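One structure, as structure tokens, below. Some questions next.
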Amino acid sequence: MSVRRAIWGEKFEAIEQSLSEVDADLYGYIRDFAYEEVLAREGLDLKTRELLAITSLIALGSPKELATHLEGALLNGASEREIRETIIQSALFVGFPNALGAMKMFHALLRKRSEA
Amino acid sequence: MSVRRAIWGEKFEAIEQSLSEVDADLYGYIRDFAYEEVLAREGLDLKTRELLAITSLIALGSPKELATHLEGALLNGASEREIRETIIQSALFVGFPNALGAMKMFHALLRKRSEA
Amino acid sequence: MSVRRAIWGEKFEAIEQSLSEVDADLYGYIRDFAYEEVLAREGLDLKTRELLAITSLIALGSPKELATHLEGALLNGASEREIRETIIQSALFVGFPNALGAMKMFHALLRKRSEA
Amino acid sequence: MSVRRAIWGEKFEAIEQSLSEVDADLYGYIRDFAYEEVLAREGLDLKTRELLAITSLIALGSPKELATHLEGALLNGASEREIRETIIQSALFVGFPNALGAMKMFHALLRKRSEA
Amino acid sequence: MSVRRAIWGEKFEAIEQSLSEVDADLYGYIRDFAYEEVLAREGLDLKTRELLAITSLIALGSPKELATHLEGALLNGASEREIRETIIQSALFVGFPNALGAMKMFHALLRKRSEA
Amino acid sequence: MSVRRAIWGEKFEAIEQSLSEVDADLYGYIRDFAYEEVLAREGLDLKTRELLAITSLIALGSPKELATHLEGALLNGASEREIRETIIQSALFVGFPNALGAMKMFHALLRKRSEA
């Protein structure tokens, strides 16, 4: 199974089509280098890799990609508690505002999933 | 065992004394809030927490604290391979320059340990 | 009076309830450590602390918390002029785009208050 | 022709009025120092300066000013291809999330222009 | 008295000569725009401006200019305590690593001054 | 000619050996993806790409890789004036401290070259 399928889940086709339209070359690098080469490396399981991705994205100020990897973490075996711990810990290193922004996004995601 | 002892290892006394001299109040917060409250939380093991700490510090541009947590990760069960994977993955999110800076620091640390 | 009451003003109950729902533990740290311990320290008055908070948040790229502290600064004795000076000065250190983003947020806040 | 006219194009009056209302002094610095002094310097043509501006803004996390300079680059002779290359290259230095966010903004801008 | 003299103190000539050699035009902007125009504005006293400068520089990761403004704050009436509070508060917004780096720099500066 | 040879010049062998020792896999990505794939793309000449690289690195706070690309820009046809303009312009977007740090590094590099 491709790493994109593992992380994007049932949104695979929608994300793939959307990114291809935005820029085929940039999407090609994201697909072939970021997902299917680097994130697909052995040495760390995908759950840990998604917690690390969440941490990097919180440091960047919680851009839109954060939602993708919060869902990707849940899909790959991270518990709600583990994701909350990842976000809380990040406050120590990059401050409360970015951590709080990420937790608000995770809270909204969980609410949406429970309503679905 | 305190989380500081687990992460700082045999440098515990030296780091504690140095930080106390720099600013007793700031060190108090680092000790009581950062280490013995947040990093001591359940829900994630200390090895994973150290990989997350490394990721946050790479995003900040690899300050001096990175060396502390690279050693802390090794002390708490992370393999050399897992730490290298953590650093390599961060290049996707915050770019090659910060990831390369972190890898150079880890390389120097490993060399120093093998010479000791 | 608690520091949160001083900074959040009449939005105290709404902010407290919202943050508690997002994550009770993270809110606990924001309440007990960030507001009622660190921001409550002596040695700097609350007006100066709010101008420093605004400056930190501009450097982060003006996240949502900036609105809270722009209002908090006004509530604790900062004049409109002092806040504008704080934002303008930040352009020297972190560039015009982040400073301009903050000034737009402050302009919208002032307009909303004058219409209320 | 003023540099602002060259970069802002037919939005000149709208942007000037909007920024003047936000803060006359900050706008004065943006007008007299940023645009008509620094960006107006010789030694680099305006097309190259706009590609550099786009690069700086991607590093900041793609704030609103990015849209202004994406349009400014097109107005001053940069091809769609050159702007896409500028965005793709930035992924190497500041990571894929910020580069992708910028490319999405450029894609939306191109679509809007083709519909106009 | 020029703002540069107020902030740089007895290092005025050394800093001016050093920056002029590095790049006369960039120094011209730092002198005429940053110091003698923006930092010289009314509406905030120079002590407060220096505490804001320290806060901005901590967010940037404590570059060399931080030492200049730590000394500038002391020269313009900030107490050691006020500067320590400024640094401690910044940990809330940009994390402990950058705050600790700044405090180490301030500690080294105070020690050097007491030995002089 | 490889892009690495074009940018690294006579330091090619030294840089290649050093990076290979630090981490063979990370260097593999830097070599095959960053340099020989992305930086080797058509659509922008190498001189412009190096000015963009310098701009990205200034935003990151002037890490060690900045020296490599300052030299790479000179090697690929950028004039001293064009590099100085690139650095000066970055002050508008990411502030004076990072721009000044970069200019000091460029000044030291020019002095070293003139002495050689």
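Order of writing sets the chain letters: A, B, C, D, E and F. Residues in each chain are counted from 1.
In this section, contacts are C-beta pairs under 8 Å (C-beta built on N, C-alpha and C of every residue); 3 or more make two chains touch, one makes a residue touch a chain.
Here the structure is a predicted model, which means the values were calculated and not measured.
Visitor: Any chains in contact with both subunit D and subunit F?
Guide: For subunit D paired with subunit F, the chains in contact with each are A, B, C, E, in label order.
Visitor: With centres defined as the mean of C-alpha atoms, identify the chain lying farthest from subunit B.
Guide: Most remote chain from subunit B, centroid-wise, comes out as D.
Visitor: Between subunit C and subunit E, what is the gap in Å from one C-alpha centre to the other?
Guide: So the centre of subunit C lies 23 Å away from the centre of subunit E.
Visitor: Can you compute the centre-to-centre distance for subunit A and subunit F, using the mean CA position of each chain? Integer Å is fine.
Guide: Whole-Å distance between the two chain centres: 31.
Visitor: Quick check: how many Å separate the C-alpha centres of subunit E and subunit F?
Guide: Spacing between the chain centres: roughly 29 Å.
Visitor: For subunit F, give me the residues that contact two or more of the other chains.
Guide: 29, 34, 38, 56-57, 60-61, 84, 88, 91-97
Visitor: In the complex formed with subunit A, which residues of subunit C make contact?
Guide: Per the touch definition, subunit C meets subunit A at residues 19, 21-23, 25-26, 29-30, 34, 56-57, 60-61, 63-65.
Visitor: Hey, which residues of subunit F end up touching subunit E in the complex?
Guide: 61-62, 84, 87-88, 91, 95-101, 103-104, 107
Visitor: Touching subunit D in the complex: which residues of subunit E?
Guide: 29, 33, 38
Visitor: Going by the contact rule at the top, pick out the subunit A residues touching subunit B in the complex.
Guide: Subunit A reaches subunit B through residues 34, 38-39, 41, 43-44, 48-49, 51-53, 55-60, 81-82, 84-86, 88-94.
Visitor: Quick one: which bits of subunit E touch subunit A in the complex? Just the residue numbers, please.
Guide: 91-97
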